[in-house]
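What follows is a pair of complexes built around chain A, which joins chain B in one and chain C in the other.
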Partner chain A sequence: MSTEVLEQSRWTNSGAPLLQVAGLETRFTTPDGTVNAVNGVSFTVSRGETIGIVGESGSGKSQVLMSIMGLLPQNGCSTGSVKFDGQEILGQSRDKLNEIRGTRMAMIFQDPMTALNPYLTIGRQLTEVLTFHRHTHEALALEQAREILEQVHIPEPDKRLNMYPHELSGGMRQRVMIAMGMLCRPDLLIADEPTTALDVTIQAEILGLLAEQQAATGTAIILVTHDLGVVAQLCDRVFVMYAGRLVEQGDVRQIFYDPQHPYTRALLHSMPRLDDDVTGDLPTIGGQPPNLARLPRGCAFAERCDYCLDDCLGAVPPLRQIGPARWTACRRDASELTA
Partner chain B sequence: MTVSSFETARFLDTKIQGVSLWQSARRRLVRNRAAMGGLVVLLIVSLLAIFGPLLSPHEYDDVFWDMPFSAPPDFAHDFYFGTDANGRDLFVRTMYGARISLLVGVLASMVSLIIGVIYGATAGFLGGHTDNVMMRIVDIMYSLPFMFFVILLTVFFGRDIFLIFVAIGAVEWLDMARIVRGQTMTLKHREFIEAAHAFGVSGPAIIRRHIIPNILGPVMVFVTLTVPKVILLESFLSFLGLGVQEPMTSWGVLIADGARTMESAPHLLLFPATFLAVTLFSLNFLGDGLRDALDPKDR
Partner chain C sequence: MNTKPPLMSVRDLRVHFPLPSGLFAETRLVKAVDGVSFDLYAGETLGIVGESGCGKSTLGRAVLRLIAPTAGRVAWLGKDLKESDKRQMRALRQDMQIIFQDPLAALDPRMTVGAIIAEPLDTFEPNLPKAVREARVAETMQRVGLSPAQINRYAHEFSGGQCQRIGIARAMILKPKLIICDEPVSALDVSIQAQIVNLLRKLQREENLALIFISHNLAVVRLISNRVMVLYLGKVAELADRDEIYRNPRHPYTQALLSAVPVPDPDFERSKKRISLTGDLPSPINPPSGCVFRTRCPIAIDQCAEQAPSLEAVTDSHTVSCHRWTESIQLLEPTVPKVTTAAS
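Entry: the complex of A and B
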């Protein structure tokens, strides 16, 4: 495939940002009441950039992705707006979504052990995307599948095509998942904790591979993780989520070197560092994240925050801009936060 | 992504062959001796059912007045299995019985397999209200008394062997649908199904390509259990006079007749019972082999 063809397909509907999420709210109706998993999240993703979404478990980061992809379970419901390449995709029918899912927007799952169908050979799983969406001829699709396996550095791709997932190691399977995601050269690749289930050396390889694929194809990546190391390694911009809200967003360097929100600071503080002295306990964030079925009226982090003001308990602090592409949802200025 | 026809042609020349689940399953099945043995026996029985009557000069409904009733095998007069209680050739009757029994067994099981898998997988996959309605329909059909259903059919359409297929098929798929639905519900939330959604694969394609291959194992086992059940059900219906009619016969009818004269003429029971037992035995081996072959982890 020539680069001209690639460029063309990538910039067809330019002008609008690749992904524009505005006021996204996701609710789940459960027997114990309504769970507010995502509460008014807005952000944009430009072409070719890498976004990291961080936050602890249950902060709603995965649900943001699922809402974007239209993969919510039946008791889930999203409101707001998600525009992909200028087109509203939230609440679209399955058929409509299937036109972009897999081809222009692909997803990589957390656990490569369970994300591949145990009853299909690697070749079949890969070619499914092509034969289903592009009605590519079987043999041609297999050739493309072999090529993409080569690109993700899987040795002996011809042989792997006829293997079943259980015959591959975890790292190999995640490579296959990435290959599947990149097969149609999507504009947006969504990765939901792609390295969590892998051991550390494989993690580094997989991240390197993602970066390499991005450099080759210009795909935008949204990476969800709770591993700050992964974010530092790969991302351009970082969104920090807490209790279903964005509490801070900014450039990766700004987030790491100059965190503005007390939660971000606490999160970074509780990350073990190699250059620390290792005596004493690892600092943690005291308390528990709030119950998403009964969110407090004010700032969700207030209960665990050392800098809480009276105002913080009354109303949710709005996301305020404090610099170019730099937002925080804290009433306090960074100068007031002295750890 | 445009690829010229020239390139397409070039790709088609290079031989990268994909192996489907069925192809590799067949290879594994061929390697399984017990299953292949079962398959060969089933083939022989089927061939006998089709061509067996040609091996004997007699007809299945001829009464041989010059032969003793319930005579033991007599090769001099070409009565290989002897005669039955009415003086008819038991060999030819067993072969004709094989036709009916195998036909009912295989056809009714296939009907139950196809309807049950599609219905159950659809209900389980869609879930929610659709699933509720679909499964309540199954419940209603369950609660319909089977005999009442068969009698109703015969009253409306007259006695016909075809009705037995319909009646048995219509009842047997209910079990299959329930099993398949249960399996589908557990599969539905597995990550690879979610991944298929994320890759934009449509619902029917997910059922066809991802769910059905994953439930084939238990389904195969259930089919091998259904075949003997159906054969016995047919003999029960025939015994009540709702199934095949004299002089036509089936294994079930022959065995029921043979059981009545077990003390005086055991061969009347022995021959058809042996055929039925051997067939069911081979079916079990084949079903077991199929289940193993369809599981890629056993490769």
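Entry: the complex of A and C
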């Protein structure tokens, strides 16, 4: 019965895209000055699709997620607009956010050990989601928790409900995190490097599980990862980030087979591939990403770019549309970039 | 492939850790490394892959005797390391160096970069004139791509990739014959990873260095290794030349590992067949009977529970430890990654 009520509540305001981010800027005040972690990011996410956000450490990909979820630390501040199902959620109060966080919008973190409460049993942590958000009766919540553990293929779910996080392996803990995220059948699941800490065989299982859960519930997923292979496997659309900006956006096949931005190209080329018999040296991207406290005036990638011209240094190149749902933030045309 | 004697020869190496136990309880053992053998030649890279807990780091430390092996033999240029006394072992350490996964944690935060890199020199060549010592440090810094102008900086002022270069400089300054690289690029971003792998390859060419490259990243291992060893629960599952192991994997575990690695190619990723393993790595305290892999193996049979497989030769340079290696490929039909030769 409870699922029926749930189904009805899911499709409100269905005209608007599920998530609409516009001009998002996130700053951190630190003793070393202001760190510009996110610098004018705009995108939309539709229901049921899977978005991959890729980029190196410090490119701002996790901070975009934290800003959306309203989970920035004390010294962080976001401006711009984040609309969830047509409703502005940026800068909303904690109580207001808690009405959608956990129920309509859930998050999975990289390290399940630190994201789970070591003092509480798995069962308690799972039922808490339901009793808090859905005011479900304790016994019913426990039954639903058992069911969801079964759905994420955790063997002996009854036994696991009484276990503590440290008694489970890394892969099992990440399954519990996914179970917790999916408990209320959210419209949007945000996953920040969900498999980075796991071994490849376990990673394959967890990614399979995410795809399976998505097929069953129609949840949209935003997946942040530095592993382009994971993106190739799972995502419909890809956003490439560099120095807090989106530098390229497109369909997954376009990004992998016809990358437009020099950074995307360099990133793809510098990745050692399992299916490559390279015996020579790997192409590299020279230098380091820029310091986010002292961003250059022009294109942030210019210093490491093989195709940099004078006009790249003057002002930040805007994200320009080059096809349906296809954007790049490079002034050069792809034809000018000969790899 | 080599007529010269091996640089290092490891035979039936075992490292067992006793677990704390009650007064009358039987002492339990964690068999971290359990009977590993290989030869390593000058100028060659041996890649060691496997999941966390398979014993790859313990193996790396045990061949250097940083952890005392429980049994087995490690010979350096034909001489058993166990027979070397402390003084001889110390002298041998000049030839064997190690670099670690977390580059910042491996560097003393209170020492300058110059002092960190020079420390091995202070230990092994204490009478070196100051000017020569400085010149050696500056030269080594240059070789690993650091500016000698940064000699008086501290580790925290450097990025992860640069810290790994400092670690490599410290390992290189004594001109060793072997470097054990324990997950040297795992903590680094893709673009920086490539820089460090290229650097290691350059140094290897210049010095005819032997490398033992421990990693869970099979793509990086493919790039840098001549031969690859797959470890599972402290035992060798498969050992072969690089191309052989990636194109013709015989052990079901190797096949599963290779099929699990996501390749940055959407069409291939969405059409390939994955060999899924059930469950997690069993506890090394209480490993399964017979073949240690049988609890997760999709093609295990009764024989696998009764009898541990021994290493059998597929070719001269390819050994595998599986009862069913002759038929594993037909049974599992692994999608071996197609080989696109460098062109793209």
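Basically, the second predicted complex is superposed on the first by the 328 of 339 C-alpha atoms of A that agree within 3 Å, B and C clash if a C-alpha of one lies under 4 Å from a C-alpha of the other, contacts with A are read in each partner's own complex, and residues count from 1 in each chain.
Keep this in mind: a residue touches a chain if its C-beta (ideal position, glycine included) is under 8 Å from a C-beta of that chain, and two chains touch if they have at least 3 such contacts.
A quick note: this is a predicted structure, and the numbers were derived from the prediction, not measured.
Touch criterion met: A:Ile202 reaches chain C, while chain B stays clear of it. Of the two partner chains placed by the overlay, only chain C lies in contact with A:Val230; chain B stays clear of it. When the two complexes are overlaid on their common chain A, residue A:Glu150 makes contact with neither chain B nor chain C. Touch criterion not met for A:Glu25: it reaches neither chain B nor chain C.
Once chain A of one complex is fitted onto chain A of the other, the partner contacts of A:Asp258 are absent, as it touches neither chain B nor chain C. By the touch criterion stated above, chain C contacts chain A in their complex at residues 51-52, 159, 161, 189-191, 193-195, 197-198, 201-202, 216-220, 222-223, 243, 246, 256-270, 274, 276-277, 279-281, 337-342.
Put simply, chain A touches chain B in their complex at residues 1, 5, 9, 69, 71, 74, 94-95, 97-103, 106-107, 109-111, 114-121, 123-124, 127-129, 132-134, 137-140, 142-143, 146, 158, 161-162, 164, 166-167, 177, 180, 185.
By the touch criterion given at the top, residues 56-57, 155, 169-172, 199-205, 207-208, 226-233, 252-253, 256-257, 266-268, 270-286, 288 of chain A touch chain C in their complex.
Against chain A, in their complex, chain B makes its touches with residues 1-3, 8, 11-12, 14, 16-21, 24, 127-128, 190-192, 194-203, 205, 209-210, 213-214, 216, 294, 296-297, 299.
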